[in-house]
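Here it is: the structure, laid out below.
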Amino acid sequence: GASVAALSPMALGNANLPPNVPSWTSSLGEGVVSNPYGMPSKYEADTIRRTVPWLTADPISSISFSPLHKLKGIITPNGLVFERYHAGVPTINPDEHRLIIHGLVERPLIFTMDQLRRFPSVSEIKFLECPANGGMEWRGPQMEGLQFTHGMVSCCEWTGVKLSTLLEEVGVKPEGKWVLAEGADGAAMSRSIPMEKALDDTLIVYAQNGEALRPEQGYPIRLLNPGWEGNTSIKWLRRLEIGDKPWYHREETSKYTDLMPDGRSREFTWVQECNSVVTSPCPENPWMEKGWHEIEGFAWSGHGKIKAVDVSLDGGATWQNAPLKGLVLSKALTRFSFMFKWDGQPLLIQSRAMDETGYVQPTLKQLRAERGGNSIYHKNSIHTWQVKEDGSVFNVQLS
Amino acid sequence: GASVAALSPMALGNANLPPNVPSWTSSLGEGVVSNPYGMPSKYEADTIRRTVPWLTADPISSISFSPLHKLKGIITPNGLVFERYHAGVPTINPDEHRLIIHGLVERPLIFTMDQLRRFPSVSEIKFLECPANGGMEWRGPQMEGLQFTHGMVSCCEWTGVKLSTLLEEVGVKPEGKWVLAEGADGAAMSRSIPMEKALDDTLIVYAQNGEALRPEQGYPIRLLNPGWEGNTSIKWLRRLEIGDKPWYHREETSKYTDLMPDGRSREFTWVQECNSVVTSPCPENPWMEKGWHEIEGFAWSGHGKIKAVDVSLDGGATWQNAPLKGLVLSKALTRFSFMFKWDGQPLLIQSRAMDETGYVQPTLKQLRAERGGNSIYHKNSIHTWQVKEDGSVFNVQLS
Amino acid sequence: EVYSIGSTPTDAEIKGWDIDIRPDGLGLPPGQGSVEEGEFLYDEKCASCHGVFGEGEKRWPKLAGGQGTLTNDRPDKTVGSYWPYASTLWDYIHRAMPFTAPQSLSDDEVYAITAYVLYLNELVEDDFVLTQQNLADITMPNVDSFYRDDRPDVNNERCMSNCKDVSTITVVHSLRGVTPTDHFKEDGNDGVAYAEEEVAVKESSELSAQALAGLETYQLACRACHDSGIAGAPKLGDVEQWTLRSTKGFDTLVNNALFGFKGEQGVMPAKGGQTQLSDQAVTDAVHYMVESSE
Amino acid sequence: EVYSIGSTPTDAEIKGWDIDIRPDGLGLPPGQGSVEEGEFLYDEKCASCHGVFGEGEKRWPKLAGGQGTLTNDRPDKTVGSYWPYASTLWDYIHRAMPFTAPQSLSDDEVYAITAYVLYLNELVEDDFVLTQQNLADITMPNVDSFYRDDRPDVNNERCMSNCKDVSTITVVHSLRGVTPTDHFKEDGNDGVAYAEEEVAVKESSELSAQALAGLETYQLACRACHDSGIAGAPKLGDVEQWTLRSTKGFDTLVNNALFGFKGEQGVMPAKGGQTQLSDQAVTDAVHYMVESSE
């Protein structure tokens, strides 16, 4: 194989390139526990979460985006999981934190964090997504990189106790149909969860990708509602009250309701419907050379497993199946891949996912026709990257 | 349920306990991108890798252990993956790093890191273990915690290119039966890999748990031989040479050979055989209360999937099956769990794993009878924790 | 009950944390508050962000107005125009507001401020007194407009070829400059995608000792408004604004900072709302702000 | 060839990195070196860690001796007693030694040092000259003792009950103090499980400017031996040892540091082996060490 383009890094000077002995080969590096808790290479310093200040009034109630363009596989490392909270990240001493479960129950209970770890635990890889992901682009493309168009989604291995296990401990009364979950942060963030979900797959989580939850993710404990709007997975969880009706709190009335063109609004739009995006190429990962490239991306669905992903290179006129790779897990990011030999022609790359319910990811046109331009949340439409002749990539919408 | 013991943290003072409003609820926390690359809570500061200085002459050629007692699920977060290297961690500029493949091939090739990312990629969750894991205890128990008895194993989602893909590019000649892999570190660490493995599941890895490889793990690229001795998975990989015979370099003669009682030695003992350990309770995780506890641990096998794990509470006289939980993947850590109601009696807790080949994890007595006390590597015997009446836990061996 | 782990909370423990309010009034504590009392409290604790008339300062949420706009091209969703239940307002103010001091309001204060926000939305009269008893009776204008999620609402086909006429495709480009790519390519390691115009603030070496002593207080109590200039607050480093104000004399500035005042352009709460601060600390912070803006 | 990604390396590029040596001699470059030349080089570059006779200082590897011990209770695995091939020695010295300066030796130097390590193991005579041609002919004593992995070698049963007589179980406890649990429970955040006895080193405030200037050089070039006292090096802070040596006069100390010397207790390599260091830097480092040990 001969290179089709010059090896541009050569321009950097060749002291470390063959035939020379690189400086890092002719010397000793750092010893063990130089970093007892390790960090990425200094050459990866631009792999960080980022925020967009104009989105919110203050960084304390705001969002930061995962650098999806840098991520591989389905696990998001904890340091790069997107952040969303309403009163900043509280610094909670786990020894002084409690979980209370009360309301329409036989036996209200209060738990220390150590006690929660005595229950049978489960570990599950699930995505977590803010329903506002992509929501800045209902009216037109605004964001110039994948980190900002789709970066409000992450995927981790979560460990904790099934909520159903704890509900069995307290004994839910027959009238108990809803659970209010409440955080210990300055927003005392609260959401109403229906009992069916609570008894199905909701978790009380204390670990994330192997280690204790990160503060931004709810340390020491959080709720996790797999496949649902991220905000329902209450962080810094302190209280669960069982009731017979929903609470209609601020985050399920003023926010996280979807305004329709007729002036009415959908409420309790919990599920994050099937979605997908190409992560390479993307504006941050342009193509530097002609020839073969892996067109790669991920798909996910709050309704279960991804069944298939198709890729189009011509803006949606023709599609080809892109094989899934790695683990295909329910309500988890799922990778797809499509090898393509690029000869320098301009492209309009799209991906379209289908989940196990048979639902096919819609076009933006379809979504807009149904929902108008003001519903903010749940924009899961097919996304388009424009690849130019020079390999640069742009966020565009087709109409 | 009533507590069987006093809630000891109460002693800390109750300003943040109910009915009070905790300080972190009545104030604002930190805003987004306060930590563009996030870190654990300050209350988890003791969840770190640790080393044992007397094991090696210098920390630059040494080992640090993963805090297994703190880990949950099967993913080891990158900051806590155990470290082992022979000349320190080199700081490699990825733009100035290359991979050369040459020797008995049709077309030698040299790759930039960007070029490697153009190949079809795969992501797989695999454990990585140093064959010296547990090797300090052939003659008797020496280490006082799980971190040190078993901490040379970690498990990540690795992303990269199959070595077979690259070997197809260079075109291996019929005489090519072995691959020499060589690192760019100060040890220029090298090992001979047989062609069958290279064409089976060996990977050239550039990402780990979603993000770029960590420097300690071979940034920007490393080899990964799933299920094999960690040292064969050459880090900071710079060169692969195809040859017709193995090289018998220092790390496959002086080291990583197993001295038997008859004075002869096994060579090329690549596979990490089936192993398991209870991670809770353990010396670092004593039981603070009587009543129900989850006895939890993990098992792994370099030969494939874990089929079953049994737990004994009486030092191996009687065993009960401990259900596997979560993902059961080939050559990956696999969790098991056993609920147990503890009334305060002393216990000798053991776990015993069986893999899909039918191999059952041996006793230390069996291993010693076969291998004596000087083979250093591959001590995968059943491990014993002694639980005392007060819930404290000790590393013991039974004879 | 399977595992008998955990203990039984006392009634007092539950009561301290059981703060949720429901549309039917369940959870409301005894108490009351009038629109009149509410106005006074609102102006002091809320107006700096949400505007004297609930119109919202800068990007801080608007609380009033917007009725009848929900089908507009740019709908205006506020408590009055959008929220289905008054209970939500009581609950949210009580659990989360004021932003910088959550759960600091007494129950009567929450009744009063809730009454006033309803009044700003023309939902109650100026002599209205909100109580535990009458809250659930308030009907919000938009209450009947919510319906349960009925998705999936769109139905795409898995078409594989000839799915559209390529010649009809129009490409709409993104607005350049919103998240400039150079912010995340080279040296953008601060986590901020879009740098707002930086105010040139002085180096600490140029500041007096007293000004430096005020830095911490500034960051604790003043930054929220004076960094960005919300609620009409003069921005740190804005020489023009600060020169103007300094003409009143330094003592007047300190006095206004200590006791608060309502100016033409906005409201300055006493000690920035952090009444636990010493007078000295606040004075130092004023030194810091004035010197930084010379 | 499927994807045609990457480019063709030049022969020179491959040659620069192609350093591996095989038992059959494949890979050995032209060159040679004698035991005699090797002794000189070894003493200068290797003995500080591996001992003048290959006996190994402290925990640094032993290179010679141990023949006939492989079936002992405490076997002694060295180049002579254990290694199957001489090529491995050449390859390893060339790629990785001396530890602090890998790949710094010329090919002839590697031949000479390899010859000397073989001589220390009584595998060649003192007049031996190792060459590209004769290396593969050297037969190492342990070459026939290696056999391919024949595991699984043990066969456990999946017994479920009555697997052993509980009354026969003897519990062997771990040796307390090796990895004390208090190091990873409370305040052990330095990542070190077992703290070795600390040497009381002076505060930097007690040191002269020249001594402080030498700190960096100390850490770069001297620490490896003088922190722990390997190769007979006087330990930093060991007042007795340093007082003894200071009696020779400061200039003698500096001279020995600059040009190296062989003392009774060990070898000091010239400039600690880091010959790129300026004389001044080394002098400063001696100041640092002497003052720190007063």
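Going by the order they are written in, the chains are A, B, C and D; count residues from 1 in each one.
Here is the rule we go by: a contact is a pair of C-beta atoms (placed from the backbone, for glycine too) under 8 Å apart; a residue touches a chain by one contact, two chains touch by 3 or more.
Keep in mind the model is a prediction, meaning the values are calculated, not measured.
Centroid analysis (C-alpha atoms only) places D farthest from subunit A. Inter-chain spacing, taken between the CA centroids of subunit A and subunit B, is 27 Å. Centre to centre, using the average C-alpha position, subunit C and subunit D are separated by 63 Å.
Separating the CA-averaged centres of subunit A and subunit D is a span of 48 Å. Residue positions of subunit A with contacts to 2 or more other chains are 1, 3, 7, 17-18, 25-28, 32-33, 36, 48-51, 58, 60, 64, 87, 100, 107, 109-110, 112, 115, 118-119, 169, 186, 188, 238, 289, 291-292, 339.
Shown for subunit C are the residues in touch with two or more other chains, namely 1-9, 13-14, 17, 99, 102-103, 189, 191-192. Chain contacts in this assembly follow no simple pattern; the graph is neither a line, a ring, a star nor complete.
Under the contact rule defined at the top, the touching pairs of chains are A-B, A-C, A-D, B-C, B-D.
Listing the residues of subunit C that touch subunit B in their complex gives 1-9, 12-17, 99-104, 189-192. Residues of subunit B that touch subunit D in their complex: 45-46, 48-54, 56-58, 60-61, 64-65, 67, 86-87, 100, 102, 106-112, 115, 118-119, 140-145, 147-148, 165, 168-169, 171, 180, 182, 186-188, 190, 238-239, 241, 243, 245, 247-250, 253-254, 257, 259, 261-271, 273, 283-284, 308, 310, 312, 314-320, 348, 352, 354, 359-363, 366-367, 369-371, 373-374, 378, 386, 394-399. Chain contact summary for the complex, subunit A toward subunit D: residues 1-4, 7, 17-21, 25-28, 32-33, 36, 289, 291-292, 339. Touching subunit A in their complex are the following residues of subunit B: 1, 3, 7, 9, 12, 15-18, 22, 24-44, 47-51, 58-60, 62-64, 70-81, 83-85, 87-98, 100, 107, 109-110, 112, 114-115, 117-125, 157-159, 169, 184-186, 188, 206-207, 209-212, 214-216, 219-220, 236, 238, 280, 288-289, 291-294, 296, 325-327, 335, 337, 339. Residues of subunit D touching subunit B in their complex: 1-9, 13-14, 17-24, 26, 49, 58-61, 70-71, 73, 75, 77, 79, 82-85, 87-88, 91-92, 95-96, 99, 102-103, 145-166, 169-176, 178-181, 183-186, 188-189, 191-194, 196, 224, 230.
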